[in-house]
């Protein structure tokens, strides 16, 4: 694609030679000749001088180097768009049902579905138009998947689940496994049957090897537009709102509620039965032990408002000094108190004499 | 089922109309007309006034509302029983061997086994009576699985493993993968062959995408009745006792020993070669760096007795104040010491004059 | 094998009867008659008196018991060698392509490859000589796997990935899943296409259910000889050096760089875009929030140099006492200041009178 064509597609102002050929998109350090790169974070400005890219997406023409520039207001979003323009479909999912797929009774398939090799679909399941199930996926009985969804190889979606339109599920994810419901009964442990299901909204993406448990009764819910990274645990009866980002290895315990537009950073843990409000941000490895009101940012263990947590963790560094200083102060104050008592006694004697 | 029939099955005292039809079981907030719900936690008492359920399992008739009540001593266990009564088998596993399953040589199958589509069983493996292997499961050579076990889709159990009766394994779990045994040898890293196996006791349940590594030599063991949640890591040579609960994303390092009746909450980590006694409880995200005696409750990082950890984490909140106060105290004490020295000198002069 | 033959293979000096038959290798506590065990850690010396092993690998003949001894300089490495000698191939992978495997167009297979049941290989993939793909593995289009590699059952390697020679991947691992790249765009969340790939060096081992995401653009890299345990998350564009050990449940965020010879203990988390130098060691559950220079050992959250972290966590235990002591000091100092003011006033009066 010519650079001026790309500029037009991105709605960018072109500075420089529009006739050069652009073959791809890459980060500023790894870009090669023929590729376009971008500058959004000022931290990377020094790489403009040395990048091998043939053109740069940026908010303004950087000084110094006469690289062709695509000027846009939001360089990062323009870069994302450029990625979309250059990403070809390398998955090669073709409409149709592979000979080796095994379908149960009364399965309903939409138009243009692509059912890959060794896919197993249970009785009464329904798959929406143009949805792709790649090889080795399992779809349980009575499960319904919307249109334009994409399940990568070896995904398991158990019975009675509901997945919306354009849902993407990465390899190895398990949706609808039993919740961890057990009751201690004397020495032994009794299983609590898990008879609920999982419902995943439109435009949700679920990462590789993530697990989302079915509800004990009722429904475990992931709201529209939310994105879940790899190796995340969503326990039974959890309710996640819309457009929430859940990073890798987060664990959300049973019956917790998470609002809209929330960000949970990597390895965060939420205890059960709490409620995390809209737009809350939890810092990496944070341990949330209480409900958090909307709009709050928290971090640390146990999670506290982010500014407070930062002050606490900064103060922790001086803790060994503080312990030493306090012990020393105790001695010094005791010495002063000894002096005071001596003086009080001699003052008393002096007063007596006076 | 009529309410009076349900009361009889649960051994409950019925208060109210026993002829109403009960169609299912649900939590007090999500229950619909026709369903029975329960009240165990006093926190939920206020929902009795508004629930849409047609009947309530409770320890006594709640005041105010004339809802039919099934009175029992342990409402939660009665609810669990009711769940069992209403949970139908939605998996539809039928006895027999699916045409697409691939069995090795000398495989021994019990009576009434259900071997699903695309299951692969290695040479010399043995599967007990009525055990269900759902689609895509892999059972390695010489592995033995007991009776009435249930492996959900895409479980991997590698060679030489032993699983007891009534064991349940959820999708994506891997049993018998190599332990992480490597020795640094100069700059390079050498693999330590992992020639042991895994043994899982009767009535154990293992969560989705959990991994249990085989021993270097000897056996990694999960004791009878223990329940393991999703995404848990059990390393080589770990020994877990009976009736222990291991919540999601817990990591148990190599050769650690965990007793009977223990509860490890979510995201807990245990270092290797330690021993955790019977009935120990470890709080969420706790980092256990030392052996813990039986009966202890611990939490935090590094894990300390729970009461001590709570006091420490409470005190941490005042840490920035303490740092400031200690610095101020240093100045004030120095000022007092200055005064004392001045006074000592003037006292000395006074004593000289006196 | 006779003990004298084993001694010769291990390059050990034999003390005792070389004609006894050795049937296997085991740890000192679990070894049975006929097995050889080893003593490397002095902590286990007391078990020499009671072990059922028929011979002992050790650095010198232990006093007291007349057990046949194989004397070597490095008992642990000799034990590892002995493990290798006695580990038989229990996987039974036979060269050839199973009838049920499904191969795309233009797949290139090396000599002696073993393609197990239900393996799916995409168009244009290449598999090196003697490499084993066990049952249920998926290899995406254009992916290249080197020679003598071993993929255990149900591994997913997505399109365009590159795996070196002798790479081992355990069951359920996912290589090449999409990076977690999303940009908030007002209320909604936009997917950033992930068009890069993953490259895994020679002699790398990857644990069960671990996930390694493809790069946004460019390549996510695991260097030669590195070993990754189970349930680890390696995010997009991460660069890991050579001979690095990554323990279970570690999370490495996007674009982080990890050097050579590094050890990341269990459940460690690294934030994105940081750089961890060569030979760095991070303690279990450590939260690395900043770049770490080569050779440093760090631990805790946020991770600090290990000695400093140890002092801080030790000091934390006295924190509740410190809080109480500081409050008490405040009162005592205020009392002293009150006395000082009184005395200053009376001194003033005295000086006036004098």
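Letters A, B and C mark the chains as written, and numbering starts fresh at 1 in each.
The rule we apply is simple: a residue touches a chain if its C-beta (ideal position, glycine included) is under 8 Å from a C-beta of that chain, and two chains touch if they have at least 3 such contacts.
Because the structure is a prediction, the values reported are computed rather than measured.
J.: Give me the step distance from chain A to chain C, shortest route via touching chains only.
T.: Step count on the best path from chain A to chain C: 1.
J.: Through what angle, to the nearest 5 degrees, does chain B rotate to match chain C on its C-alpha atoms?
T.: About 120 degrees of rotation relates the two copies.
J.: Chain A-chain B contact: same residues or different, taking over half shared as same?
T.: Counting shared over all numbers used gives less than one half: different.
J.: Need the CA-centroid distance for the pair chain A / chain B, whole Å please.
T.: So the centre of chain A lies 24 Å away from the centre of chain B.
J.: Out of chain B, which residues touch more than one other chain, so two or more?
T.: In chain B, the residues touching two or more other chains are 100, 118, 136, 154, 172, 209, 231, 249, 267, 301, 316, 319, 322, 326, 329, 333, 336, 343.
J.: Which stretch or stretches of chain B touch chain C in the complex?
T.: Listed in rising order, the residues are 100, 102, 118, 120, 122-123, 136, 138, 140-142, 154, 156, 158-160, 172, 174, 177-178, 180, 182-185, 187-193, 195, 209, 211, 213, 216-218, 231, 233, 235, 237, 249, 251, 253, 267, 269, 271, 287, 289, 301-302, 304, 308, 311-312, 314-316, 318-319, 322, 325-326, 329, 332-333, 336, 339, 343, 346.
J.: Give every residue of chain C touching chain B within the complex, in rising order.
T.: Touch residues, chain C against chain B: 24-27, 30, 76-77, 80, 83-84, 86-87, 90-92, 98, 100, 116-118, 134-136, 152-154, 168, 170-172, 205, 207-209, 225-227, 229-231, 243, 245, 247-249, 261, 266-267, 284-285, 300-301, 313, 316-317, 319-320, 322-323, 326, 329-330, 333, 336-337, 340, 343-344, 347.
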